[in-house]
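Read through the structures below before going on.
What follows is a pair of complexes built around chain A, which joins chain B in one and chain C in the other.
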Partner chain A sequence: MKKYCSFFRVRFALGLQYRTAALAGMVTQFFWGGMNILMYRAFYEADAAAFPMTLQATSSYIWLQQAFLMLFAAWLLENEIFDDIVSGNVAYELCRPVNIYDMWFARSAANRLSRAVLRSFPILAVASLLPAPYGMAAPASAAHFLLFLLTAVLGFGVTVAFFMLVYALTFYTVSPNGLRILISSVVEFFAGAIIPLPFFPDGVRRVFEMLPFASMQNVPLRVYSASMTAQEMARAIGLQAFWLAALVAAGRMLCSHALTKMTVQGG
Partner chain B sequence: MKTIQKLADAVRLYFHYVSLNVRSAMQYKASLLLMITGQLLVSFSTFFGIHFMFMRFSHVKGYTYEEVLLCFAIVLMQFSLAEMFARGFDTFSGTVRRGEFDRILVRPRSTVLQVLGSRFEITRIGRMAQACLMFAYVVSASPVAWTPLRVTTLAMMLLGGAMLFGALFQVYASLCFFTLDGLEFMNVLTDGGREYGKYPLDIYGKRVMQFSIAVVPYAVVQYYPLQLLLGRSANPWLAFCPLGVLPFAAICQLCWRYGVSRYKSAGS
Partner chain C sequence: MIRVEHVSKTYRVQKRSAGFAAALTSLFSREYEEIRALNDVSFTIGDGEMIGYMGPNGAGKSSTIKILSGILTPDSGSVTIDGRVPWKNRIEHVKSIGVVFGQRSQLWWDIPVIDSYELLRDIYAIPKAQYSKNLEELTELLALSELLKTPTRQLSLGQRMRCEIAASLLHAPKVLFLDEPTIGLDAVSKIAVREFVTRQNREHGTTVILTTHDMQDISALAKRVILIGRGRILLDGTIDDIRREGANPGGETTDLDQAVANLYRRLDIL
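Let's look at the complex of A and B:
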């Protein structure tokens, strides 16, 4: 365990170095969130009765989504891991007395977390200063806030575990680009990154909510602004735990199978 | 005569670059196919986003589903045209960092031509295919009566829009001369322009309109000609509104020149 903690720590410290990049990213995300809210406002003005959550809850959802983008982003995959697999450098990693799945898991978790830490607080701080329905509201209650933290951790785990599958699959396809684009777009759509899941028609939404993708950002972002009932929350948390366990198990299996079949490319 | 010959020569060279790029992409056929499919699906997810929003809402600021889809298809096409041809600018930060720009400078050819030729994204055909599908659907489903004026408007929009996004990519690349790294902030203008350009710009309110007239002229390739296309305005001059991109593109070209003159090699 200690060695994985150090992988985590090293990677986390490395991620914290890119402060200018974080600043540029923050400005980007701020604009992105702002445009998104303006878009929902236009729909709200068109037909307020058809809006599935309050405008305030939608704004909070969007600001949280932007603030924690790096935790859940579907496009944030580690190029270094892909490069290692494609170039054959993975052979060196395999020489180390560590489990490659655990090592990569720790690494990508640290990478995401370090970027999110740099960006989230300034975005949330500025967003909470904005006027009422467009800014970031306080959590519905202390309990909702605690549940938000719990579901965010679970959702984060599900996200990392899911993308571990993509890394493992790269052992088979070698060139990662195609798989990567395909998967990111599918994940973004089903996770509620394009439009939040409550905006989907009920039948479609019920199916989507069962998928692992809904266990990523959807749950924590909706829990925060209390747009889920207690029963829905309990079910969602159960599903999150289930998917986390299932994805980690699948990833480990796939990884060890890939390693037995692996041909190292290049010398 | 000589300039024509030079131009023809440049075009030939560019297509030679393109064929090299395509052939190298063909070496990884499975990956290429997956990437094209991926690109196709990426923009489909945006389409479904609009689709599901309109299952709930019947209109937004008076625009119907079909009208928004037309706008979306046009902007998507503008962007994918620009991306296909100007992708070299997008990956330019790597070129500068690895010192590869030195090699470009020593060759007796235009820098822009060489940078553009360095990457040609065949995978962007996926996005383009989707824009075409969208067009086919919208043209058959929408109430727009296609007069010659409207067809001209559409052609002008595509041309102007592709130029606008291309110019933005060029500014993005010019900044790399100073920062060495791509600035993520520029994504707001390029990807953001595509992402939020799917709805007519006036739904975002007055400030966004002002920005897209005075700072980056999105409105001249989207909002104004769209009014003519959708029959909300009868002013035929709106068809030539996309020409308003030209001054902006000229400024971007100047930025690039300035960047090249200030270039200090970074590589070894």
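Let's look at the complex of A and C:
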């Protein structure tokens, strides 16, 4: 366990170095969040009753999403892992007494977390100072806040575990780029990163909510703003736990199969 | 004790002719060619031996190293290193080996070398006392003290290679694989690496398996030479055997590089 913590620590420390990137990212996310909220405001002004969430809940959803973007972003993949596989440098990683899956899991979790830590607090602080209903509201209750934390951890795990499948699949392809682009857009759409899932038509939404993508950012962001009933939350948490276990198991299997089949590229 | 018996490994390589038409055709049907990287390879290496493993480019050297270090699984044949099968007990096996790939880097690019070493210490679970002792010795022998606090990306190739070799020896492995460790190094660094490897072998009894195209490396380090070509073992002997077998047609002795070139041509393995 200690070795995986060390991987986590090194990667985390490395991620904290990128101050300028964090600052630029924060500004972008702030504008992005603001534009998004203004767009929704226009819709709500047309007919507020037509929407499943209040404008305040939507604003909170968007600010939290922007603050924790790096935890759940579908485009944030570890380039170093792809590079290692494509260039054959993975040979060195395989000469270590570590489980490749666990090591990469620790690394990508650390990468996401280090970036989120730098960005989340300033965004949350500013967003909570904005006037209602455009700012970020306080959590509906202490219980909602605790459940938000729990579902955020589970959703983060599901996100990392899902992208571990992408890394493992890279062993089978010559170049990871196509797979990356395809999967990133699919995940963004189904996870509710583009439009929150409650805004989809009921029939489609019910199917979407069963998919692993809904167990990523969708659950914690909606739990926070209390736009789910207790029963819905219980079901969503159960699904998150299920997908986390299933994705980790699938990723481990795929990884060990890939290692027996693979050829290391380049000399 | 390393025992390799009847090991074969085949790769499938995609082929297509030059040109746009061929590229279009390959969209629909692809031709593959089977390349036998290793063909019934057998040898035994005792503890504490220093082996020069040589052969022309594409002979199967790197494939052998990758199989011995547990990265690749051969198609057939058996390998045991101290009673373990590398690709089956990979995690157990790699604890007792060290590997240097001359053309790759195992150090983290953006962090000081010492941070990479500490990560390796945790990965191999090296006890603190042993780690500081090994690190101290390696720092002294490879003259690393000035380099440890520098990020890897700012080291010269020679400096980096010294750091890479030290990284592979922090956990005091019993077997050390060196895959072209002196590639691209200047004369001073080459000699430093050679002296260090000799010393490591003498004082710690480390088994060393060295692949290189540099004949001076081989003659400075290896008492025993295994020559591989087209996936087969062609010669298992000493550096003098290479000299004799590769002598010029007239029979006069020649320099080692010429002897190797003659030998490759004679065996038709280029």
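Here is the rule we go by: the second predicted complex is superposed on the first by the 267 of 267 C-alpha atoms of A that agree within 3 Å, B and C clash if a C-alpha of one lies under 4 Å from a C-alpha of the other, contacts with A are read in each partner's own complex, and residues count from 1 in each chain.
Here is the rule we use: contacts are C-beta pairs under 8 Å (C-beta built on N, C-alpha and C of every residue); 3 or more make two chains touch, one makes a residue touch a chain.
For clarity, every value in this text was computed on a predicted model and none was experimentally measured.
Colleague: One more residue to check, A:A142. First (chain B), second (chain C), both or neither?
Modeller: Neither partner.
Colleague: Quick check on the superposed pair: does A:R96 touch chain B, chain C, both, or neither? Answer first, second, both or neither.
Modeller: second
Colleague: Considering only touches as defined above, state whether A:E188 meets chain B (first), chain C (second), both or neither.
Modeller: first
Colleague: On chain A, which partner's contacts cover more residues, chain B's or chain C's?
Modeller: B
Colleague: Going by the contact rule set out at the top, does A:K3 touch chain B (first), chain C (second), both, or neither?
Modeller: After superposing on A, A:K3 lies in contact with chain C but is clear of chain B.
Colleague: When the two structures are overlaid on chain A, which partner does A:A21 contact: first (chain B), second (chain C), both, or neither?
Modeller: The first partner, chain B, only.
Colleague: Could you tell me if A:L129 is touching chain B, chain C, both of them or neither one (first, second, both, neither)?
Modeller: It touches nothing on chain B or chain C.
Colleague: Under the stated contact criterion, what part of chain B meets chain A in this complex?
Modeller: Those in contact with chain A are residues 28, 30-35, 37-39, 41-42, 44-46, 48-49, 52-53, 55-61, 123, 181, 183-185, 187-188, 192, 195-196, 199, 203-205, 208.
Colleague: For the complex, give me every residue of chain A touching chain C.
Modeller: Spelled out, the residues of chain A in touch with chain C are 2-3, 5-7, 10, 13-14, 17, 87-89, 91-92, 94-99, 260, 262-264, 267.
Colleague: Looking at the complex, which residues from chain A come into contact with chain B?
Modeller: 21, 24-25, 27-28, 31-32, 35, 38-39, 41-43, 45-47, 50, 52, 173-182, 184-186, 188-189, 194-195, 199-201, 204
Colleague: Give the list of chain C residues in touch with chain A in this complex.
Modeller: The contact residues of chain C facing chain A are 11, 62, 66, 69-73, 87, 90-92, 94-95, 97, 99, 101, 103-106, 108, 110-111, 115, 118-119, 122-125.
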